[in-house]
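Two complexes, one shared chain (chain A), two partners (chain B, chain C).
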Partner chain A sequence: MRQYLLARSAQSLVVILLMSFVIYGLIGLMPGDPIDILASEDPTMTPEDVAALRALYDLDLPVYERYLNWLGRAFTGELGYSRLFGQPVLDVLGPALVSTLVLMGTAFIVAIAIAIPVGVLAASKPRSALDYGVNLFAFAGISLPSFWLALMLMTLLCVTLGWLPAGGTAPAGSGVLEQLRYMLLPVATIVIVNVGSYSRFVRASMLEVLRKDYIRTARAKGAGQWRVVWRHGLRNGMIPVVTILALEFGSLFSGALIVETIFSWPGMGKLIFDSIMGNDFNLALIALLLATVLTLLGNLLADICYAKLDPRIVIGEGR
Partner chain B sequence: MRNKKSIFCRPASALLALLLITACGDRNQTAKTSVEKSEVTAEKHLRIGIGQFPGTRPLGYAGYISGFILRGMTTFDDKGKVFCTLCTTLPSFENGLAVLNQKANGETGISQTFHIHPEARWGDGSHITSEDFKLRWEVGRDKSTGHRAHGYYMHFSRFEIVDDKTFVLHSGEDGYHYQDHRPLKPLNARLERAIFERDPKAYLDNSYYSAEPANPALWNGPYLVAKMTLGDELVMERNPYWYGKRPYFDKITIRAIENSAALEANLVSGTIDMIAGGAGGLQTDQAISFEKRHGEKFNIFYAHGVLLERLLVNMDNPILSDKRVRKALLYALDRQQISEQLFDGKQPVGHERYIRYNKPVPEGVHKYDYDKSRAIALLEEAGWAEIRNGIRYNNKGEPLKLELGGASGDKTRDLIRQAIQSYWRDVGVDLRLTTQTQRVFFGQTVRKRKFPGLALGAVGYSPHHLYKHRYHSASIPSDENGFSGMNHGGFHNAQVDELVIAHLLELDAEKYHQMTRTIQSILTDELPDIPLFWRPKIHVLPLGLKGFRASGHITPCSVWVEDWRFE
Partner chain C sequence: MVNNNSPLVLALRRFTRHKLAMTSGMVLLVMILLALCAPLFEIWLGVGANDVNLLNRLQGPSLAHPLGTDELGRDQFLRLLYGGRVSLFVGFTAAVFSVVIGTVIGLTAGYFGGRVDAFLMRMTDSFIALPGLPLLIVIAAIDLSKLGLPDAWVQSESVSLYRIVFIVALLGWTGEARLVRGAALSLREREFVMAAKGAGASHRHIMFHHILPNLLSPIIVAVTLSIGGVILVESALSFLGLGIQPPVASWGNMLTNAQQLIWEAPMQAVYPGLMIFITVIAFNFLGDGLQDAFDPKAEY
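Showing the complex of A and B:
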């Protein structure tokens, strides 16, 4: 296991390094740079000024040289400053990351907490009224565009009924209930959109598992429906679901752009978008890399979960 | 079975209970929101929604936010006249604070003496001194800092400190706009000088404005930054050392809400009290629609006269390089009708290229009222006489086909472009619409003159507009000049080249205004761009807010925040 973890970590490191170059290169290919912006805003800037500034900020160097310089600085912990916010990149990322984790983490937990029992129930009674009902709601959730849902919820609960604040975060020092009020709408939007697909995954996976021989054997041995489904079926049924959830892990940290924008939630999604649109090279690069690292981490955790869920899977041993 | 039910029921009940508790909390909160709103008013807390979180560079917020917290030396009033915001008397030749002097190279320079207001202080109570202005001048001149408006600071060759509250700025040749010193904002030298001198290149990053924005010693406006959550909100509190009129509100919160529907919902639900005009705020059609639905609850303030929506013309395009075609295109557009239909007439038709404060269009400015037959005659005169399938062709068999580029995500401009397409189709012009993201369109396509025909955008005019940057042939962006000019259409006209330089250096008010009229006359005849509408800045205000003023030009309404009050 330890060997496996070490190998995977080394593999991940290579992927991160490659991704850092790819992201750096792609951002470098995007039109415009900070000096372009300065020049376009200041008509009195001379061509000599532009050239001097490019040289000063290494923007006259080829992308690979700039990348190597950046990498060298990154290894010493110098990740640079955000152009948009004028603060060290980590100082900008930290609060946004926490904010996103609170929002997305809560939504993720709630969505899973709803999707698993709903999916299992639907699978245990296929083609029943319950199954059709679950499918109906699942497809409705999947089909609803999140921006529309968000605006509808906002119109109903904030404008018409006036129950909830229309966006933002609770003022500093507010109680838990107050913070919950601010979170309720963005979390509900993400949950409604995600719970449909999650419950469909669980249902499909459980349907497959409940047809297996060992389930029939368990039933033949006299195990009740409850025990068959929840003890024998669910554990194996969760393996493909874990894969999906692992892929979702990265999004816990990269945020939900539309929901964050509509509800003015100061999270990573909006920050990444703003940094890319605002030509904030350092911020966009680190934020995207962070999302990559966390997705890789999520996959590693998923591998470990497989072994825990299914004793037949032994990780770290050659075949 | 009972167990199974209870296992399912418990979490469901818990969730339901949580929702109910929250909803009940919400009911209380509904009351609280309304109460809070009145309390907010009683506590004098104003919450403003804006469409974009303000960038914090360079050294202090630009535009709207800076009006609250960081005042510069001068600005324009709502009639376009320069006035002192930190000085006691505006330097002028009449009062002797501005004097002409002959320089060694034969140039006639200007020396302006500024007396800083004796009570002007930073938010920590310390006085604003000449040293603070000198530091800004030095930072602005230092190329390595990447400070904006570098050209402005370079224009002043010498900064002479007379005493703590008096300094003299020496410039080279200057013109009628010599009193415009908007970029000249003080930087607290006690805090900032050492950081700047240690590493000018890293100064913007290391400055207190980046590291400690809530430090009161950084700000000098009626308000100070109390708290800033990046990308989300900025909380400002009254500056106890503000020397001017005491502002009414104790606290002002600016909250960024980037989606206009969400911005409206926040306003109607009482989460914010008003929406600021400008970038990312409500567009004209949205404001009109909002006014129809909620007009009785809010005051919709249209500040006219700053942004001219216009079609930038690529003068290298062989079809568009013919002035007759450009004129025909303008005659073929019923701009008044478009304005009425799309904007209830709230985006007035633009003829001239400067702000005229609702005065009649001056003599010499060519107007192009809708005249389809004249448009057709001009096109035929220009050789586009043959019509096949509704499209005009010239004698070489080439179609009258043009491309109009625009940035994505702007619904209003999409509507305008579609209307233009329809009107031009009516006179036989095959107009193709292309769309790119804002960043690519304005950052690359327009700036590097890669648009093949026309581009829809806006140009902001200041009361002392410098035509040189937009219409002089030396300002055509090119690889050679690092794409630093703003004459994106590539317009070149020897008479205009000469005039705009003379205009830039003309000190005599009467001659200056005469030159402005001549330039206007030539530009409206030559049509280097096709003017469409004056786009207003739209502020949505609570009914009780009084004393609100908006210039409609580059001076933000926040410069008069001391006059705002709630009745």
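Showing the complex of A and C:
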């Protein structure tokens, strides 16, 4: 187990290093470059100034040399300033991470709180109306464009009925209730898109468990349906579910980019989008890297959860 | 009828019993026909899909404009048809490309096994672990002329179409690679592969003539299921202004302005999204039906 973890961590580290280079290279290929932007904002700059600035910021070097220089600075904690926000990159990232975590965490908990009971019920009565309903809803969820769903919810609840604000966050100092009103639509969008496939996943996992011998034993000993499903079944049925949860862990931080952008929720997803669109190279680079690191971490976590929850699984051997 | 119980006939019979999948197939057929006939509708209505008419902005449905007009006075119905062409084209081509990449990688990994397999699968795992949408956005936003591509080509209208196909295929092959690898891994131990080996067939011959034909049904299912996903990604990128570039219509970019117009013309946003939803869910049902038809043991 320990050896496996070490190997996996090493692998993740290699991927992170590779990705940092790829992302660095890609960002360099974005339209415009920082010096051009500076020059266009300041009419007094001469071409000589531009060349001097380019040399100052290493922009005349080939990409791998610039990358190595950047990497060296990054390791000493020097991540640069964000152009859009006029603040050090880390100061911008902190609040964005928090608000994404609030949004995604809430949506996630709500979706799971619905998906587990629904999925278990569907599995305990296969081919019932509920079972078909779950299936249908799951298909609808994976087929819905989230930006359209967001627009439709907005049209219905904000424009037509005027019940909810159409985006943003509550003004500072407003009460919890007011903040919840701003969260309702983005959370609802994310939940509607995900809850069907989560339920279907719980259902599939439970269906498998309920076919096992020990479930038949429990029934033979006279345990009621309720006890069999919720006590004996659920425990083992949850193992793959926890794995999926850990896999979603990364997206918890990189955020629902589209939903955040539409509802102007100031989280990581919107930050990544805005920094890419706004030529904010330093910020885009770090935000993307952070998203990559967290996603990889989530995958690692999923493997560990899997092994810890189910002693029958031995990872790191025979692979 | 000598052989009316061949696997294909059996699969076809199971498929036709799958009502949802059959209906989805019909819906898609109609949609493809409508999209192909878009120029005919242009002639019939007497306007072009990109004809701007600022005196006719945001009109409601009428005989001249069956679904009304958008903020530039363009006919919504015609733009939906042309958007369908784009979405379906991108969906098909990107799905086929990603499945081709996935199949080559999965087949190589599964057939050779050992170190080749370990390396390719670690690579696939790493690709799966990347944050998809943010990366897609970066790649979609890069300036192609900085890659040294000719300016005339970079500025042509169709470039955003090819670019999106390329981008989606680049990150979309991982699921197929795993699927094909798993199947190839079990097939390579089968007797007919041994026999081919014994007869002196080359690796390439075994891979493409003996193993690949046996993978055809899961590959067809994978293509069908991934078309829906591709259309969703394309429309999301186009919606964000990074996919298909106006004036070329796509279901995604028809929604770009919908948020600004939400107070003025809330109905604007309904149709393009509905088209995306119907198309994607139809492909998903179709894929599900095909899967059941080819592999009746799975599920239930």
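The rule is short, and it goes like this: the second predicted complex is superposed on the first by the 272 of 319 C-alpha atoms of A that agree within 3 Å, B and C clash if a C-alpha of one lies under 4 Å from a C-alpha of the other, contacts with A are read in each partner's own complex, and residues count from 1 in each chain.
Operating definition for what follows: contacts are C-beta pairs under 8 Å (C-beta built on N, C-alpha and C of every residue); 3 or more make two chains touch, one makes a residue touch a chain.
This one's a predicted model, so the numbers in the text were calculated from it and none came from an experiment.
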First (chain B), second (chain C), both or neither touched by A:Pro165: first
Partner chain in contact with A:Lys270 - chain B first, chain C second, else both or neither: first
First, second, both or neither for A:Leu56, with chain B first and chain C second: first
More chain A residues in contact [chain B versus chain C]: B
Partner chain(s) touched by A:Met45 [first = chain B, second = chain C, both, neither]: first
Which superposed partner A:Ile215 touches (first chain B, second chain C, both, neither): neither
Which superposed partner A:Gly86 touches (first chain B, second chain C, both, neither): first
First, second, both or neither for A:Leu29, with chain B first and chain C second: second
Partner chain(s) touched by A:Leu151 [first = chain B, second = chain C, both, neither]: both
Which of chain B and chain C A:Ala74 touches, first, second, both or neither: neither
On chain A, positions contacted by chain B and by chain C: 30-32, 147, 151, 154-155, 158-159, 166, 261-262, 277
In the complex, chain B residues that touch chain A: 3-4, 8, 11, 21-23, 25-27, 29-30, 33-34, 53, 55-57, 143-144, 146, 148-152, 154-155, 201, 204-205, 207, 209-211, 227, 229-233, 255-259, 261-262, 265-266, 268-271, 438-440, 443-444, 447, 466, 468-470, 475, 480-486
List of chain A residues in touch with chain C within their complex: 11-12, 15, 19, 23, 26-32, 126-127, 139-140, 142-149, 151-152, 154-155, 158-160, 166, 250-251, 254, 257-258, 261-262, 269, 272-273, 276-277, 284, 287-288, 291-292, 295-296, 299, 319
In the complex with chain B, residue positions of chain A that touch it: 30-32, 34-47, 49-53, 56-57, 81, 83-88, 92, 95-96, 113, 117, 147, 150-151, 154-155, 157-159, 161-169, 172, 177, 180-181, 184, 226, 261-264, 266, 270-271, 274, 277-279
Chain C residues touching chain A - in the complex, by the definition given at the top: 118, 122, 125-126, 128-131, 133-135, 137-139, 141-143, 146-147, 228, 232, 235-236, 239-240, 252, 255, 258-259, 262-263, 266, 269-270, 272-273, 276-277, 280-281, 284-285, 288, 300
